[in-house]
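The structures come next, written out as structure tokens.
Both complexes below contain chain A, partnered by chain B and then by chain C.
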Partner chain A sequence: MKDMGLDQRPEQALYRTHFAQWNERIGAREPVWLRARREAAFARFEAVGFPTTRQEEWRFTNIAPVLRVPFQLAAAWPECSLPDEWLAPYREWAAHHLVFVNGHFVGEIPADGPAWGALARGIRALLGEEPEIVEPHLARGAEDASNAFTALNAAFLTDGAFVRIPRGTIVETPIHLLFLTLDAGTPVVTHPRNVILAEENSQATIIESYVGLGDGQYFTNAVTEIWAGENAIVQHYKVQRESRAAFHIASVRIAEERTAIVLDFSIALGAALARTDIMAILKGEGAECALNGFYWARDQQLVDHHTVIEHVAPYGMSREFYKGILDDEARGVFDGTIVVRPGAQKTDARQVNKNLLLSTNALVNTNPRLQILADDVKCSHGATIGHLDEDALFYCRTRGLDAETAREMLTYAFASDLLNTIAFGPLRRSVGEWVLTKWPEGGMLKELL
Partner chain B sequence: MSRRSLLEIRNLRVRVNGQEILKGITLAVYPGEVHSIMGPNGSGKSTLAQVLAGREVYEIVEGEVLYDGEDLLLMPPEERARRGIFLAFQYPVEIPGVSNLHFLKAAVNTIRKQRGLPELDAMEFLALAREKAKLVELDENLLQRAVNDGFSGGEKKRNEIFQMTVLEPRLAILDETDSGLDIDALRVVAQGINALRHPDRAIVLITHYQRLLNYVAPDVVHVLYDGRIVKSGGKELALELEEKGYGWIAEEIIGSPRS
Partner chain C sequence: MATPTNIIEELVNREYRYGFVTLVEEEVFPPGLNEDIIRRISARKNEPGWLLEWRLRAYRYWAKLVEEGAEPRWANVTYPPIDYQAIRYYAAPKRRPKSLDEVDPEIRRTYERLGIPLEEQERLAGVAVDAVFDSVSVATTFRQKLAELGIIFCSFSEAVQEHPELVRKWLGSVVPYTDNFFAALNSAVFSDGSFVYVPKGVRCPMELSTYFRINASQTGQFERTLIIADEGAYVSYLEGCTAPMRDENQLHAAVVELIALDNATIKYSTVQNWYPGDREGRGGIYNFVTKRGKCLGRNSKISWTQVEVGSAITWKYPSCILIGDNSVGEFYSVAVTNHHQQADTGTKMIHIGKNTRSTIISKGISAGHGQNTYRGMVKIMKGATRARNYSQCDSLLLGDKCGAHTFPYIEVHEPTAQLEHEATTSKISEEQLFYCRQRGLSAEDAVSMIVNGFCKEVLRELPMEFAVEAQKLLGISLEGSIG
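Take a look at the complex of A and B:
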């Protein structure tokens, strides 16, 4: 197949150039095993190539706009201190913050209070000091056999967070991984990689935030891997508030051992194009997972979630609840697969996707898929797409609320049951405020938060 | 008469989906009065209530409605509410995700703002809400719950009356508020209505049955039949309707029972 040669794929050429640059810049200074893994990953990327809309998984998300931009690999942030206003929104959060700028770890803001017993470090720093800690967990290759973006992330593995909650440790303070991207004039690409390991009987909450500073165009290509050991309880939030010109493509891969419980909550508010793939494998008996998601898109934003929950062992339980609000000409995609392997008897799986369209030009594609290969299971799914209820709008107006406030109240009400499940108060309020910012007069409704 | 009517409907004709539902209604309600509009199903009672509250799906073919001397039909629903019109819905809408208290506080403060009154803060409003909830014997737990969400039929009706007593309208229109209530709830709803009676206010009770009128004595009873008010009288008219049903009205008006 000569015509499928590398030169026929010009969109990959840019990343080939990046790879050469990267090897030159950093290759000699990193462990041999890592360089080998990165090279293997790049080879996988070359073999798979970027997806097109002819592929089922990418049918509704055309990534051509991402490939048209001549991104540059983001350089490290040269300063050792950060402007106050960048961190101001998080000052009130009682959390342990790890801050990254343009994909590079710049520092941490420890939580007040007692020592907490978790390891939370920047991966690049850890590679320099104690590479043996990260080596077993980094870019082993199994995760990206068919996903070009995940392979690219491994090939350009630069930095990210490495979090380990030791056996039996309960970390009360949320760990906040804050990824800030600057508007630097030239569009940059970052490839953050996070590894979260919750050992047996441990508990922790991890919040990943992706925030654009300014209106610039850039591309975040993130990968997060979560492993929950036996009986571990992990709450993981990914809050995507990239700039409205940015592209955000991310994978979250979750593996659960026996009777582990993982909550993954994907909140997608920003970016011109956002795609998140979430894969949860319930490996151990009695493992439970909840995949929650909230997306809110307007103008011409595109927000896409693909989720796969794989039940491998018996007595597993999964709950999936995604809600989306789409306004203007925004488009949403929800694609949720539940796989029940032959051995996974007594699986109990439920999936719900609800969408609210605020405009006649907004669009959503929702697609539930069940692959059930065991015979004694309980699985259900349901999807709805609707507009604001005219009767409810009228009811609000007969009580004196103007039409705009009524719409705002009902829109917020649509999301509130899901948003109210966010246990960490500052995050819950901050997402709620984002939902209400569409309406500048929404002061009265701030009380709802 | 020197007094000015609070509500004056003149030859109102209303169409929905091409079909005429109200075929020329004329009615005047003065401050301090309680009117009852009775009629069989399909006579246009609820349409009249919805038109007065400002529902936009109805087409006004002819006629006018004056509220306190001003053209009501030009006002959007929220404007009517802010000027003191309250409709208790026949089927109150559920709003999951918004607590009853927040909803009503937003309503109260919007209306107070319009009237140039200071807004109530959370504590002031809570005190007011508790006082009124007691009056209509509304379970305080329902204040914290989402608006009408999962309420029983009776609880929804009681909640409408609760909202009404908090908002203190000048013109209250109650659309079949008595339907689906047990005798105890009926008494409580009547209590709420009677507490609202005031020389400056007027109340329009839209109902199919006479039973609410055992508790709330109307000044005037109108019979709405096939989109027209065909008979008006005192409260004894309601008793006559209860006794004989609506059939005799048809005979009296049309000359023979409708086939």
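Take a look at the complex of A and C:
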């Protein structure tokens, strides 16, 4: 095979320029340890290179369109105040909001009510004031050496949310991390990184939203790390509503200690190309995790979810439920792996992926995998792909609904049984509304509901 | 009283029954592979020029793959690199019989010991056998009787001589030599195999079967089977295989091509019992096989049934390409891995025609240090309206050092298609065992019953003669390996 020199990969050159720019901009303002970690991460990125469809993990998702765009590193948002309409959709939520614009922390809107005891701040600000708090948790060993995007995110580690729920604290108010990207004319790239630490016996709900303002093209390359200590309970929702031209590539890494419980719910509605990697490691005995996901793609959207649940310790339990709707020329990819390591006896793992295909030109790739290396386990997976039930459609027609409404209603019903499990009411209602807007002209269903 | 543990030890340590070597004078080619060897194989078989050309094209393609380092590595199996220049590509008994009666008595005895008598009158009525010994077919029974119906059942070499037009038309039409690394190798060096042609409207009155035996050392076996069922024809074909016990690994890279025209049905059953290697994982056959069927005609049907208990490594994906409207593909598989055996097996169902249906039932059983992988693909192309697939892959784990893996790929381009896929992994539960024991069954019988029950959906697809053998084999490979 021919030696692929670095210069033959021009798409990496752009990020090399970014890296030089970024180092210059940051200058000596960052701690030495962070500089070292970022440089190591960039070296890792250079070594791995961008994935191609010849790699198993990226077989169905060609990232060439992302690499073709000459993105600029997003600059910090210069204004101090946020236009009201940006936040309007979330005003009703009784949540603690941290707002980021183009990847930079701009402010927070605290929830009303009693003091809550959690730490939730922008990483950049913390680095300036109390770097020792974040130092042990930023761009550390959890990085996956083979993932170019995670490495890139670490190399450009700029900002994001740092959330720490102290031991024994139950935070009732959900923490909402809102990432807005503006349509500024030139396409920008952001590398947000979030760290969520739930210490022993703590409980919290975290919502991550990625929202595009306008129809601009940009690239979000996000990484979220969730550490759940002993007995901690974490609910994590990621709602992706990027602009129609945007690219969204994200990794969520979850590590669970003994009897911790983590729910991760990934909702993907926007972006031209969206890829989310979710990896949960059940390190402690009796840890539980639930990975839920909902994706709806139309036009030429591509939505890809890759999940890995790794059972390392005995008595673990995992439940995974992903549902997808594909219309027009959209493509949906689901790749879910369950690994049971030797010794992880009495593991109980279940995975289900259901897809609804609404158009002849839509495509679904689903690859559920089991890798079982312990014997005393119960593992199963199921996958279905189908279209709307003709009998159900007929029934709706006999009740006087027109064909279009009937179809919408059944499609909505397909989505709702999963979406209705969202525990935080305001989010559940908002997601329901956002799902409706996937129909052109808002759908006929809106009036009926 | 025999405890479960004792029973396992006893059964798991049971010797491979077919591991003997036949002393027979063989003509062998020197190890190594180059164009000369291929010319020699072709000359030995007195092949027409087009076939030699085809072999050479395949060889050049394969050599290119070797150069590019394109030997497949994606399967979930590990083995040291194979030295393709250390293998002998041709080995054949020197005495070539002209008729059944002239078969070398040593070889005849070999097949008797394997339970495959070559005398027609002794054979279970209703099964015709083609016996392949190393690189060549040594005997084919019941040819006369089949010929009366117009059915051609003979060795591949004979088919090349006697029915070149059929061979030329269909050879490589399902598995072209460019298909994969091992198919290319096979296309270059294949030495023999079986050929079946069932003419229009004929229902083959007996089971056709090929029994493959590797005997010579340092050889590889590269056979090629081609089965054509013309319009409205039906044929059921069985395949069995064994090899002597040796410390070296031997390569078996076969290609099987099935073609079903309008309304034709082909049922292909395999009981694969190549030498699996010893308890420490030394020796054993590398079984790297490409099997594929094309349902070309409307309403055609191809059904694969396999019981894989042997081989050190199995790499095999019997597939169906469903081209004709309303065609049906089926895949039933039991794969057992014990000791250090590794299996990466499954199927591909490609739906192209309308209303095509496929069913996949795969049962994997792992014991000892065995690693068992189901790898499958279901692909529904645009225009395959109302295509239907049901897949079920279950794994049973006996012991805590083995592994079971499932990698199904599903790709759907057609909204009217319906697919369901289910997979489970579990072990024999203490409760099930306890229940059986308190009903008076011995531990051994209980396990055997549960394992057989687990595989039943597949075993009942086998023709009767094979089902009995398969059930016995399962017993030998597994019974009681719990505890």
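The rule we apply is simple: the second predicted complex is superposed on the first by the 432 of 449 C-alpha atoms of A that agree within 3 Å, B and C clash if a C-alpha of one lies under 4 Å from a C-alpha of the other, contacts with A are read in each partner's own complex, and residues count from 1 in each chain.
The definition used in the following text is that a contact is a pair of C-beta atoms (placed from the backbone, for glycine too) under 8 Å apart; a residue touches a chain by one contact, two chains touch by 3 or more.
Here the structure is a predicted model, which is why all the values come from computation and not from measurement.
Superposition note: with chain A as the common reference, chain B and chain C can be accommodated side by side. Using the contact criterion defined above for the overlaid structures, shared-chain residue A:Val171 touches neither chain B nor chain C, since it reaches no partner.
After the superposition on chain A, the angle chain B-chain A-chain C between C-alpha centres rounds to 70°, nearest 10. In the superposition on chain A, contact of A:Val252 is made with neither chain B nor chain C.
Judged by the number of chain A residues each one touches, C leads among chain B and chain C.
With both structures placed on the common chain, the touch criterion links A:Ile385 to chain C but leaves chain B unconnected. Legend: residue contacts after superposition of the two complexes on their common chain; A:Asp376 is shown touching chain C, with no touch to chain B. With both structures placed on the common chain, the touch criterion links A:Asp402 to chain B but leaves chain C unconnected. After overlaying the two complexes on the shared chain, residue contacts for A:Ala148 are found with neither chain B nor chain C. No C-alpha atom of chain B lies closer than 14 Å to any C-alpha atom of chain C in the overlay. Within the complex formed with chain C, the chain A residues making contact are 1, 56, 342, 345, 355, 357-387. In the complex of the two chains, the chain B residues touching chain A come out as 53-56, 76-78, 80-82, 86-87, 89, 92-98, 102-107, 109-111, 114, 122, 146, 163, 167.
The residues of chain C lying in touch with chain A in their complex are 68-69, 74, 382, 395, 397-427.
Here chain A touches chain B in the complex through residues 389, 391-392, 394-403, 405, 409-410, 412-417, 444-445, 447-448, going by the rule given at the top.
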